[in-house]
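Two complexes follow with subunit A in common, the first pairing it with subunit B and the second with subunit C.
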Partner chain A sequence: MELLLLLALLDGLAYAAQLFMVAVGLTLVFGVLKILNVAHGSLFAIGAYSASTLAALAGTPWLSLLALALAALAVGAIAGPSIERGLLARIYDKEQVLQLLLTFALFMILEDVQKLVWGVQPVFEDAPVRALGPVVVGGIVYTAYQLILLPGLAVVCLLFLVWFLRRTVTGRMILAVAHDREAAEAIGIDSRRIYLLAFTIGAGLAALGGALAAPTTSLVPGVGVQTIVLSFAVVATAGLGQIEGAAATALLVGLGRSFAVYFAPELEVVVPYLLMVIVLVLRPSGLFGGRELRRI
Partner chain B sequence: MPLRLAFAVGFLALALLAALQPWLRFVLTLALATGLAVLGIMMLLRAGQVSFGHALYVAVGAYTIAFARPQLDDVLLLLAAAVLAAVVAGILVGLFVSRYRDIFFGMLNLAFSMVVYSLLEKLYWLTRGTDGIRVARPRLFGVALEGARYEWALFALALVCVAIAAALVARYLRAPAGEALSALKTRETRLEFAGVSARRVLFQAYVVSAGLAGLGGGITALATLHVTPLLVYWTHSGELVFVAILGGTANVLGPFLGAVVFELVRVHAAAAFPDAWQMILGLVLLGIVLLAARGLVGLLEELGRWWGRRV
Partner chain C sequence: MLSLEEVEVAIQGAKILRGVTLRVPEGGRIGLVGRNGAGKTTTFRAIMGLLPLERGGILFDGASLARWPAHRRVALGIGYAPEDRRLFPNLTVEENLRLPAEALGLAPAERQRRLERVWDLLPELRELRDRRAGALSGGQGKIAALGRALVTGTRLLLLDEPFQGLAPALARRYGEILARLVARERGLALLVSESNPELVAPFVDAVVTIERGEIAAVTRKPGL
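On to the complex of A and B.
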């Protein structure tokens, strides 16, 4: 029993770390651009597939770890700017329903791009996990990759984002635009550049989340939709645009899910949404979200 | 051209097509069923809301028929059960989602539908997972119909359902409750200043749209005689939204026009590009959204105006 509890705890931790990486990108993009990128899940999937391909090419296990980072960087740097400049920039002043439809259309396209490039057969490459070997915690053998690297990177990522947004000039400019675009432009901030930067960081985080998740599961079509739905649940439970909130909620959802896996397997898929519905019924703007002012 | 005339011409054209090409009967029945579900989505779009999970109610209708079939042996009773189940599901989910707008509305619907998809897939003892459930062909008014006659009967029934649903929804859209939907899109706060509960307006439309999707799902199940979890997968919800945008939201003709065009194109295109079908849909959707076009109905109106100028 105790062993089972510990195992659920470790699983939950590893899972929460993965979840946070992709959810924080979604919430950042929403916070700044006020657009929910439905294609965020596809960027996660494309990051994951590219990472698998590169890791398989890398040859040695240690190089394959580097390959993950490279894949995420490449996907973020290519997809981010081209999507923001090519599509999103055209619809910032349109109604929200059109913005949603646009990213949804992009999602439909990218889901098939994935199938065309990587096929529909499961892809599995765990060289990066093997590179780090196992660790033993309380009598349980676990992979160091999932127990140390993933949560470690998630914490680094969180700290970096908080530092970057609150302590650097560029970060503060992003916050200013997120807070009030017009006022930010009035004091000379180029909001077009900020949008581009924020979206690219968000896309990169999605791809990084995918790249880091890739070695632990086999990739199949549909991973994109699972990701966007789940990370939306995390982000909505936390409150849209909340970064620390997303971390806390990812932990909550990750642990909730892994405990369900061990103690109530039928509920596994339902737990995150159950949490979300309960939270939203009690607090419509999420656990950490403030009340939004209504405009007349 | 008045809407009634357009529908009459459309029905005649469909009946003619179905008579000339027997295999089209099945396709057109499915198209009409899709159109019913899209009609519901179109109501929500008029309120400025888009649901990425409406296939949920299509599946509720279809699975209700699969589950009820052993006990019920009548097409009309089964359809009634399908609509009822979808309305009940719509009330349950609607009470929750009608509090939300825009992003939350769309994504919460997607989340609910994907949860139901996972459940349909996982609860094998109840739903037989991805294999789905076969539906034995039911009787109509106590008469057991075979092959082509069953197809004709179902096609005719679908036409009747479409005629009734389109007439009722057209009335609804002209009534205060329907006009309030467009007001909800333009400025919700003003609607509330006028003493109308925006939440109730959206809730009503949501339940009606769930019922319509359930009816569409019921007809689909009766036509294919087989239900699978794919009915509620996000791609299906995406197709419904796609057809709604393709058809246009100007009037009740749009959804059916969109659905017929969509199904006819799909019969050929989906077979030719099975792995790129979503991509093609996405590209067309992107085009419509970026050009801010008003769908096929808008195109028809433009055509009508052009014709009017010439004559």
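On to the complex of A and C.
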């Protein structure tokens, strides 16, 4: 029993870390641009496929770790500005339903792009996991990649984002635009530049989430769908635009799902959404929503 | 310095400004007076580039602002304090004040000089510098919004209904601040809107009355 509890805890932590990386990008983009980016899952998937391809080419397990970061950086740097400048910048003043439809159309297109580039056969490359080897916790052999690297990076990512937004000039400009775009413009902040930056960071985080998830799973068409749906659940449960809230909720959802796998497997799929429904019924603005002071 | 020429603005199809012509000379102090819904706030937002013009033009130092996006207009030396303050509640008072100078990319020494100008004029803000703007009272927020406008407003200050919602004691204090400002900074132009003309009378050289989006009257102080 104790062994099962420990396993559930370790699995939950690793899963929560992956989930947070994707959810935090989604919530950042929504918090600043006020657009729910359905194509965020595609950026996760493209990040994952690109990372697998680069990791396989890297030659050594240690270089393959570096390849994950490079792949995420490249996808974020190319896809982020292209999508924001090429598509989103044209529809900021349009109705929300149009914005949602546009990102949904982009999601459909990018799903086909993945099939064209990487085919429909599963892609699996675990060299980065092998690079770090195993660790033993309470008699359980676990991968250091999932137990140390993923949660560690998630914590670093959270701390960096909080520091960046609160302590840097650019971060404060992002907060200002997120709170009130017009007032920010009126004091000299170029909101178009801030939108571009926030979307690129969000795209980079989605790609990084995918790149880090790639060595732990077989990549198949549609891999981004499950992640984006779960990320939506995390973001909605936390409250849209809440960064620290997304971390706490990712942990809640990750652990909830993991404990369900070990103790009530028939509930595995439903647990994250059940949490979301309960929270939204009790607090429609989410667990951390409605607190304007804490919004991104 | 600032000229509005036959400005027409519509919001969601409804025409709000109908051929507004208005001039604020260098160092001039103009009161824009009108009832709620007359078009005062729309005039300010049009000047700041926050609303597109349907017709007419806005000139600053004789040059058209048509191609100047909103965020670049403050670089001309314009400071804008909106009616509803619009401070960033998750930032401290000092961060709210520093942000416009940082967004303009001013050198650190110039940023500090402008901040000192604000502290000097509004000493109560210095006391509140570390408080989050979201935790300020309505009156404190109005003064903080004035301070933020002063950071960029080195040539022209746009104050939209600064006295609205202020308790009598705070309105008096705000009036004292404005009186000190106009006495100390002769070259600073001021466009201040109000629904009650008596509140702006002590600080302005002329009162422009706006009704239903049109300039209805211009009254100059005797001797000007």
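The rule is simple: the second predicted complex is superposed on the first by the 290 of 296 C-alpha atoms of A that agree within 3 Å, B and C clash if a C-alpha of one lies under 4 Å from a C-alpha of the other, contacts with A are read in each partner's own complex, and residues count from 1 in each chain.
One rule holds for everything that comes next: contacts are C-beta pairs under 8 Å (C-beta built on N, C-alpha and C of every residue); 3 or more make two chains touch, one makes a residue touch a chain.
Since this is a predicted model, take the numbers as computed values, not measurements.
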Fit or clash - subunit C, subunit B, common subunit A: fit
First, second, both or neither for A:180, with subunit B first and subunit C second: second
First, second, both or neither for A:225, with subunit B first and subunit C second: first
Which of subunit B and subunit C A:169 touches, first, second, both or neither: second
Touching partner for A:191 - first (subunit B), second (subunit C), both, neither: second
Which of subunit B and subunit C A:74 touches, first, second, both or neither: neither
Residue contacts on subunit A - larger count, subunit B or subunit C: B
Contacts of A:108 with subunit B and subunit C, given as first, second, both or neither: first
Centroid geometry (CA): angle subunit B/subunit A/subunit C, rounded to a multiple of 10 degrees: 90
Shortest CA-CA distance between subunit B and subunit C [superposed frame, angstrom]: 11
Interface residues of subunit A shared between complexes with subunit B and subunit C: 294-295
Subunit A residues within the subunit B interface of the complex: 30, 36, 38, 87, 90-91, 94-98, 100-102, 104-109, 111-113, 115-116, 120, 225-226, 229, 232-233, 236, 240, 266, 269-270, 273, 276-277, 280-281, 284, 294-296
Parts of subunit C lying in touch with subunit A, wherever the complex brings them together: 48-50, 69-72, 74-75, 80, 82, 86-91, 95, 99-100, 102-104, 132, 134, 148, 152
Subunit A residues within the subunit C interface of the complex: 169, 172-173, 175-176, 179-180, 182-191, 292-295
Complex contact set, residues of subunit B against subunit A: 45, 48-50, 52, 96, 99-100, 102-104, 106-108, 110-112, 114-115, 118-119, 122-123, 187, 189-190, 234-235, 238, 241, 245, 275-279, 281-283, 285-286, 289-290, 292
